[in-house]
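I have a structure I would like to understand better, so I am pasting it below and will then ask my questions one at a time.
Each chain carries a letter (A, B, C, D and E) given by its place in the written order, and its residues are counted from 1.
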């Protein structure tokens, strides 16, 4: 059984290392500030008893006032998982640090979020539209698309 | 084409067959007609056999709606293709594009000029018949390359390059395998070779047969060596850009070449038209069909090899074996010229088995990943 | 390691050229494009280009009721509709806290495993077809799949897009003739799998084509988030059915087949082995199958409480996950699909560079891609 | 390529294919021979029971894409809706069966037929009287086990193969 | 070796060109093509010679319809199933799937068409040599099906190419497809050299 680690416990660990990085934490997830995202991700991947070596999925959700980007992390070594979130405010010119350097599985998923949600990821080697064509107007998965 | 093959026969045949009524001209006219009818009928038949046989091997039926048992399927195909629109791509080299199917198709028919359908029943009993076959057979490779070049399509070009590479390399083991047969028969005339086969040469030259079969398949691009039109890789290979009549010629060429190679194999190794009870031509046709059936069978079963493996198979496997085969045959003929052929059969089979075992153990074919 | 033979070719200053394989190509398994840079026959670079089947399922799901999304999930990985239905239903059940009757759980396992066999049959057949075996293995596999499809048609009424599972179970119980037919299938299947293995498993040409080709090392496989047979062929013993058992998979006894080096041949072998393991699971589930209801009490319009849930299953292609966000309305607020094919595709470039065009095709075939899932 | 097995693998494969040559093919020659399709078939059309239908439009609401268009008028005497116009675009319907499942009055059935190809786009749309059952438009047993029991038993490929052995 | 990725067009250029093509096609295909159905109302008026020739030719054409490869999505599997052992389209001489559209006669549009794919489909159709036919297979091909309301899906292939036979279903059973193909056969049987010349 994959153990879903408590967001609260991990949050305290992260706070120790990077003070002020965690915005919110709940038993099933934790929210980090976007500027700390890359540091936290590196920490989660490399800390020996965490070892989140497997990035299951990245999702972005549009809550009108903010975009929430969800990282589902799994450790194949210890068989536990964690949901890390980060927020992104505004509607235009959004950007987040890319985690491609840590987990290359993020490659297509970040491009997809860029394409459909319009959040660009800094440091991604090939940030361009993936499923839609160049010249398509708007980002369809946004809630205000087409209205 | 008729003119082509007949002109060739005039140019090369040195002796007139004396016992034919009406003399030489009747003879060549008759045989050109026979050859064309025979080749085209057999091509149609082969298409039918392949599609039906392959269908049955794949647990389905195959074409059976056009005519009785679907026998008219190839006719329908041919009629339809011939009347389809003929497209020349805008960027194609028009002359080359137009010429390529002709160059590719003609040699496939010309081969039959020297193939005996019965004792002496052939267009031209050339003394160097087998040499003629080898020479003519490689001409169609030029047609294929012209097709690849003229289409100005990358898939075509890749396919054509593969085609040239395979023809050039496989020519050598094929010729060496033929040389073994020629040594045993003591003649290059196909009719003489058939006459010499009191026991079929497949028994005297088992290794030669295997090499020739593999080489022949590779040369006419039958699976598992159908690299130049490799469906799953190069869409349709060298004839990607062809439609209508010209595609029909390529399509027919593919099978005409298969008929030709089957005929040559039947002549060289299976005793040609010789056989009890049935008339000679029927024996010949049956043997041709048998050989073709084996080709269909392998095509149904085997995956395709890769280009470097194809090359390596020719140079590392077939070529040395063909050389050894030739030397062994030469020794046998020199040292025991009067030995009973039946004694040589098990010996040659044993040699074949030994050589194949040895080469299978020793050599690795092809190479793997390349650093880029 | 630099190959000397190749180095000499390089001295000739050959010029690489770009070949667009796809979007319509016999072996791209749908509409997929590989922008390939070739040096002669050697692949120098390959960039996957997709989106030719992007239908916006995630957006469409936001406009439909929770039940109305099930037909959409059918069309994700259309070779394995049952698995998609299962994953989606699990996610909604997790979100809304709905329990599933025992009989439905067992039937779900049986159907999902049958679906795995059907999907792997296509994967193996298509892979062998890409190797150039002229349709024969593909047609044999399709014939076997046809038997399974018969069963699915019997229970759901459709041959491809079943739309059979519902939130909280099934829309109707399996018909009476289903179980006898299943027994017959279970009795026959091993024999046929054996026969088709004999067709090409030891074939020298296949070994030469597939062995050692397109190796995906263990670390890379994990790093690129590969899953399913691709990950297991690289030697990682990771199967969600074992590691994070959903439904009732913890009650069955089965093995996780893994490969040794992670080449195309391993991926092919792992799939064939998985078919056998699936048969084992179905056999056990068939024996334990209880009687009873197949659907729990679920309102016509499901209205889960606000929140989010991520449910994942081991689909035939790999880890299929649904990330659902609810705002307590009758339609999902956001439905993200973690498509295994998409992530497995990341491996293509690593595996293919340096091989020939022909290898590129079989490497691509061995990943087992369904475009419906990649583009969504 | 190394012939480690001296061609035995190739020979095994050849044996499998040649054995298929002498086996009976599984083909069903469709226009002449027909498979009995599943009793629960979700065919390419909907069948509407005019008598039972109350015009509640649950089907139209539950259709995931709105392929059913239904126009009703209220008739006060009988205290129910009167269906004026019902139209199903079978070129748009994905035969998911959700409407049949949702229908509270058992007035909608999936069709059992599949031969519904047309030369014109417009002919694919069925409306009003065209939706009623008829001998050519049999009802399928999808969600209706009673109807399913009357339909012929489905032909199964597995059974066919065991019968031969 | 340094991978020389400097080509006449950069990747970005290629993408832009592709995008422009898509937008252009989208702009001028807002109306569906009319169905090529004149022949349904047409009276047969031909001379004897033409009828014989027509009959032979039409027989040949319908006995060897080679489908082009255009399998975007789900319906492809029913098409393959129709081609596979159990339903076996090869009985009608159709097992030769031509990967090269130039050699194909029939396009079976099996699956959802997106705007991104539309230019390629149009191109395949243009590359096919006359005479050619199109069968729209499945709901997505007829109308866009379940995805009609999506932002990226073409509502039916008839926006891009004229369609001869519509086979409804999602996906249609293989038998339904074969029924559609036989309908196409009867359409081909009505073809005439006389009208073709016009």
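Going forward, contacts are C-beta pairs under 8 Å (C-beta built on N, C-alpha and C of every residue); 3 or more make two chains touch, one makes a residue touch a chain.
As the structure is a computational prediction, the values presented were derived from the model and not from experiment.
Under the contact definition stated at the top, the chains bordering both subunit C and subunit D are B, E. Using the average of C-alpha coordinates as each chain's centre, B ends up farthest from subunit A. Here the chain at the heart of the structure, going by C-alpha means, is C. The interface holding more C-beta pairs in contact, when B-E is weighed against A-E, is B-E.
Among the other chains, B has the CA centre that is most remote from the centre of subunit C. If each chain is reduced to the centroid of its CA atoms, subunit A and subunit C end up 25 Å from each other.
Subunit B and subunit D have Cα centroids separated by 50 Å. Taking each chain's centre as the average of its CA atoms, subunit A and subunit D sit 44 Å apart. Counting partners per residue, subunit D has 1-4, 7, 10, 13, 16-17, 20, 25-27, 29, 37, 64, 94-96, 157 as the residues that reach two or more other chains.
Annotation for subunit C: residues touching 2 or more other chains are 25-26, 39, 44, 51, 54, 56, 59, 71-72, 136, 139-140, 143, 146, 161, 199-200, 203, 205-206, 208, 375.
Annotation for subunit A: residues touching 2 or more other chains are 129, 131-133, 140, 145.
By the definition given earlier, chain contacts exist for A-C, A-E, B-C, B-D, B-E, C-D, C-E, D-E. The touching residues of subunit A, when paired with subunit C in their complex, are 1-2, 53-57, 59, 61-62, 70, 72, 76, 79, 83, 103-109, 112, 116, 129-133, 140-141, 145. Those residues of subunit B that touch subunit C in the complex are listed here as 54, 57-60, 154-155, 158, 223-224, 226-227, 230-235, 299-309, 365-372. In the complex of the two chains, the subunit B residues touching subunit E come out as 51, 55, 58-66, 70, 72-73, 75-81, 83-87, 231, 235-236, 239-244, 247, 372.
Residue ranges on subunit E touching subunit B, taken from their complex, read 1, 3, 56-57, 59-61, 63-64, 84-86, 88, 90-93, 95, 98-100, 102-103, 105, 127, 129-131. Interface residues of subunit D, counted against subunit B in their complex, comprise 1-4, 6-7, 10, 13-14, 16-18, 20-21, 23, 25-27, 29.
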